[in-house]
Amino acid sequence: MSNDLLTLEGVHTHIGAYHILHGVDLRVPRGQLTMLLGRNGAGKTTTLRTIMGLWKASRGRITFAGQDITALPTPQIASRGVAYVPENMGIFADLTVRENMLLAARAAKNASQIDEQRLKWIFQLFPAVEKFWNHPAGKLSGGQKQMLAVSRAIVEPRELLIIDEPSKGLAPAIINNMIDAFAQLKASGVTILLVEQNFNFAKRLGDTVAVMDNGQVVHSGSMKALAEDEGLQQSLLGLAL
Amino acid sequence: QAKGDIKIAHVYSRTGPLEAYGKQTQTGLMMGLEYATNGTMAVNGRKLVVIEKDDQGKPDVGKSLLAAAYSDDKADIAVGPSSSGVALALLPVAEEYKKILLVEPAVADSITGDKWNKYIFRTGRNSSQDAISNAVVMDKPGTVVATLAQDYAFGRDGVKAFRDNLKNAKIVHEEYLPQTTTDFTAGIQRIVDKLKDQPGRKAIEVIWAGGTPPFNALAAQNLKQRYGIEVFTGGNILPAMVSFNQFPGMEGASYYYFGFAKNPANLWLVTNHYNRFKSPPDFFTAGGFSAAMALVTALKKTNGDTNTDKLITAMEGMSFDTPKGKMTFRKEDHQAMQSMYHFRVAPGARPGAMADLHLVKEITPEEMNVPIRNKR
Amino acid sequence: MLATQDLTIRFGGHVAVNAVTCSFEPGTLTAIVGPNGAGKTTYFNLISGQLKASAGKVTLGGRDLSSLPASERTRAGLGRAFQLTNLFPRLTVLENVRLAVQAAREGAHHRGLNLWSVWSDHKALLERADEILESVALADKEDELVANLPHGDQRKLEVALLMALEPQVFMFDEPTAGMNAAEAPVILDLIRRLKADRSKTILLVEHKMDVVRELADRIIVLHNGALVADGKPAEVIASPIVQEAYLGVSKETA
Amino acid sequence: MLNRLISNDYPRSRVLAVLLVALLMALAFSPFIFPGVKALNVAAKVLIFTVLVASFDLLLGYTGIVSFAHTMFFGIGAYGVAVAFTRLGPDWGALLIGLAGALALSFVLALAIGLFSLRVRAIFFSMITLAFAAAFQTLASQLSEITGGEDGLTFKVPALLAPSTSFADEPFFGVSLDGRLACYYLLFVLTVVLVLALLRIVNSPFGRVLQAIRENEFRAEAIGYRVVVYRTASAILSALFATVAGAMLALWLRYNGPDTSLSFEIMLDVLLIVVIGGMGTLYGAAIGSGLFIVAQSYLQELLRLASEAASGLPWLAALLSPDRWLLWLGLLFVLSVYYFPTGIVGKLRALQPAARPRVAAAKAPAMK
Amino acid sequence: MKTMDFDWKPLALVPALALLVFPFIGSGSTWVTLTVAGLAMGMIIFIIASGLTLVFGLMDVLNFGHGVFIALGAFVATSVLGAMGDYTGSESLWINLLAVLPAMVVAMLVAAAVGLAFERFIVKPVYGNHLKQILITMGGMIIGEELIKVIWGPLQIPLPMPMGLGGSFFFGDAAVEKYRLLAVVVGVAVFALLLWTLTRTKIGLLIRAGVQDREMVESLGYRIHVLFVGVFVAGSALAGLGGVMWGLYQQNVVPQMGAQVNVLIFIVLIIGGLGSTTGALIGALLVGLMANYTGFLVPKMALFSNILLMMAVLLWRPQGVYALSK
């Protein structure tokens, strides 16, 4: 078995009449944090949604842990240990923060069954989640919603975390917390795939990097190499940085 | 000029809320034509062709269908419709095209009353006939009556005609409930509060058509045992009379019940209906049958001529046989004078079974003073 | 001059904006910073009329706007771009902007109350809308339905709508969130140009400190709904409250 | 010229343009092409429904308000004329008074509805209008003194429009020139004028704001449009047009009753036509009405043939029985929502490769 | 970490209304008769509305076809009870119930099965779009009603009440129909079951979440569609049960009966507020009481009592008595 937890080979995606992804090749190595960069409209979000099965690949192959998941329905993909934070955060506005968390904790029947250790850890990273525990999530501020969205993804252990722009709208202090959180998660063996616009953020966290443009991956390699190679940064500048 | 087919347009509710009524009329009409022509379906060598038109219970639809029937289909004469509302809209159309409309079974008084024109005949009974016969049934001195009726023209007219024809009994309360009432608790309570302390014989007259009739609710109240209050009502179609069986001994007056009349036409109708449909003929089957017999009788009189004026002359004052015995089109308003039946629910009636009515007495036309309400 | 006086709103027991008194001069760009949930967006909502204040006043050039609905405040000169994208999804990009231009400008179209002319006859509106789309680099997408735009372009359009309103006061709520480093400069340039105009009042909520440092003439800090600091960028950023509660230099955050 | 007449709102599909012209021609010459009372009735109903559906589309398709009380205004128009003719006799003054009274009543009610629609959630609002429409219908049948109750009102119209009036002794191309024909052409002219007026309204700056409100009410308010004003204005306009359609109905039928103009079935028909035709496109109202009314009028005949053909299979024959025509209408309902989410007009436009000439066409001169 | 305090005010409306009208009615026995009958009627209404509370309240699907399931249940009951004449004809209440129970079960099963098809072919493509829901479920309603006519005929069919269930209990001058007491028992059972499922399990939460963002719920790993189908089927089954109760109460059934109760049910749901079972119960009880009181005091207004009640409630709480935050 290869070292890649998730691979995409020549994935094409159509949305209605539009052809959005034109053969995406992507490898997400196990236990590492992979950054997906690219300018607005490059197709990052579309790639993530295709992985999750929210949009169906019209061609190509997606594997997770060695198994083909291209045609699986979304719930089954998620059940295999994938957590997803969508670009719009996907908060259930009518439910309270507690109820949002409870739904994410699939094993728990009620709030008291959510793993206490983990909850404490989350509260410490994102204090707002604790503070507004019994409030309707729709009333949270933009950044608070973002925190809740990430909290939901990590309330239970998952093998792969897929997150679309987690840092958007967050105060610097919270971004620091988030970086800590991802580092801790990574240390515990979780694989992470992040879309990120904030290059500073990306630089501090990423192990590998892929840059997209026009529905294709145009560069992939190690973050370290990219961070050190000013020339490469320059050539990809318009696309990602 | 006795040649070609005689076209009869039947405008009725093949669909819509009165679908059930309409279909009975159609069955009766066809069987009536068959009986009256001895199975030949022709008069004087001219074939009788029935063109069916579905008014869906909508006056506007009926109106345009009747116009189309007279004009596009060249119908010589029309029969129908099922609902009074449609009938009222059809009346001017008959006048416009100068063709006869034989109304059956719509009951509103005004059809042969102030909305009447000379092209209109009616074999069906009118509200007055209903009300008068019901009044005859319960009109005893010392009786106090409360009426329970639907709150719309049919109900109010019915109560009015009923009231006008009571000579001895006294109405102490009129309860009108919305047509769509399903919960009668409040209405019955109001009636009971009015009646229970009255002296003498106490009665509720129910005038109700379609929808959910109040009989079950009345029965559940045990009014007879508790307060000595009796319930009276007019007849109805068989399925609707199932609930009558909860009142063994209840009396009323009905337009038709298959077991009542003993004449050749009814005998033929009941036998053949049983044979063909495994069920007895109902209210509107008899109506349709009567209309057919009226038509054929008139056509025979004109020797198959469908000229409207000749037909009118032939039909005014004309008597004809029906499953309800002899009927006569009154010259003044073209309303068919006919018998009604005073019935009693069989004492041993079983709830849930088909209505079991006994004939108390045939009320002949002579016993009913049906007012003439039209202006000629 | 835009001013708020003791502006307060409570949600149940929670005081989201707490007696904020502050005024904003034309020609200055004021950055509003503070932790998530500090009340920045709510403060904007109170100014632009999306929320009704529990107490306090909003005035523009001395005129009290407190009792006006949002639409009237917009007409009075308060323009607002939203933090979470909020557009007309099934209309085209051009139509989105044109509608905003139409709302803002006087003319034969009577700000949309004209029932008896054809919209496309009002050419000036279309021209203006085109200009604005050029300025945010969206001109090539003007016939796209907004729903089909990628997130970043929707953010740009959000700003374009604000430009179209030609207000006195510009309120930007994290205009570059979710926009990449190559695209954000378009928006930042726009803001710079507005600033250069010197007659406009600009309020900017932004978490990216480099942007704030570069653009702001003044920074105010909200914390738990209260105004806790106000001053020159360098001073404010150096203040302990910002260092701790906001930048997270020490791990204590609220 | 044509450009101004249709307010620069082209069909944007060649097939659609052909269909529209064909429909217009068919309606203009209907009495001569399709002789007979029934055909003329169908054509008149198409005209009336075109106005009614178009007025509803202003509310639903352009403003995004789902109201089930639209037939209420239709009924008010019909009753206004019916009551006036019944009380005041068959002259033109009565028509004017009836129509004016009806418009006034509609105005007040629509104003109330428009204001109310802002207070409650949209979905609540539509359910409430449903209850209201039902109550109004009940009320109409209760007030039998005025409305004739369940039985409705049958009345005479001014001599010029009455069927008994004849303008020429000889038929013209096989059609007798009588008041009925005059009435038909009155309806025809009215329909053309009203539809063009509506077309102008939806393509005006005002109409565009309505679309913005439909898309995002909150943002429309935020860029400076008083949503209350626009919504209420739209509700009122749509109600007034529906009232006129109702008056047209009464004039044509010379009858009105609660089921004729107020029944929920009419509301259903209107909804279905809007969907079949294509929401938010007035052309859809015309095409949809044409298709639907004709289908509805001849469906029973068609089914009779089908059911006779299927008489070998009793269960199929039962399903195909003409009495069950509503079953097939219902199926049509479901299938059209399924397969024509954008209606006929939307489908036709999607077929045309040049998808967005509206903006391009409008903009081209502006660019110079 | 506590749930919010329970809001007692709406609950108090019911006794408040009953006490308020007492002086106007005067006679104690009349008041008792009207009140008890009204409450029991409310329970019947609750049963027929409960299925829609589920479907509309949780899934936000405005199912105009709900009435068809009510009619279907009632028609199935005519067939089942018709075949069990020996049981319904018996004077013993217990033997009667032996007939009514299978009728209920069969009606629920049939309605559930049809509900499954309805969900698959009619509702599934239009989740989240109210307008299309309204249109398509209306189409479904027309089809359903016509199919009932094809199967059972267009006529009114009697559905006689089993012997033992007819009649009333008398308390002095006050009369309470026996059948209404049965309705109360069934209604309370339905209410308890619903309340338990929705508050003690995650199902309610999941469905509410699924309505707001279906994709997100799927991304969390839940097969939301299965759940939606389940709820819809349960709602249909409850409608079927309601149909049996309603049909037995009227003692006759017509294919149009579903359409006839639709508006009533909507009013109950609006009064109750979206998604609240308790709200629906209160709405139903208020409607039941109000109908009887106005029917007695001002019969002319009886037709409009529901609408007036609804307006009054909406003026007090525009989202219904128990609105979820929205």
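To keep things simple, chains are lettered A, B, C, D and E as they appear, and every chain counts its residues starting from 1.
Here is the rule we go by: a residue touches a chain if its C-beta (ideal position, glycine included) is under 8 Å from a C-beta of that chain, and two chains touch if they have at least 3 such contacts.
None of these values were measured; they are calculated from a predicted model.
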Farthest from chain E in C-alpha centre terms, which chain would that be? C
Where the centres are mean C-alpha positions, what is the separation of chain C from chain E, in Å? 49
Note: chain C sits from chain B at a C-alpha centroid distance in Å of 75
Take the average of all CA coordinates in chain A, do the same for chain E, and state the distance between these two points in whole angstrom. 45
Could you tell me the distance, in whole angstrom, between the mean C-alpha positions of chain D and chain E? 35
Give me the residues of chain E that touch two or more other chains. 154, 303, 326
Any two chains that touch count here, so list every such pair. A-C, A-E, B-D, B-E, C-D, D-E
Within the complex, which stretch of chain C touches chain D? 48, 50, 69-72, 74-75, 80, 82, 86-92, 94-95, 98-100, 102-104, 109-123, 126-127, 130, 142-143, 161, 164-165
In their shared complex, at which residues does chain C touch chain A? 11, 33-42, 83-84, 148-153, 174, 177-183, 207, 209, 245-248, 253-254
Taking the complex as given, what residues does chain E use to touch chain A? 1-4, 201-202, 205-206, 208-209, 212-213, 215-224, 324-326
Under the stated contact criterion, what part of chain B meets chain E in this complex? 15, 17, 19-20, 23, 151, 175-178, 180-183, 185-187, 189-190, 193, 212, 216-217, 219-222, 226, 239-240, 242-243, 246, 350-352
Going by the contact rule set out above, which residues of chain B touch chain D in the complex? 14-15, 19, 54, 57-60, 63-65, 67-68, 71-72, 84-85, 88-89, 91-92, 96, 108, 110, 115, 151-154, 178
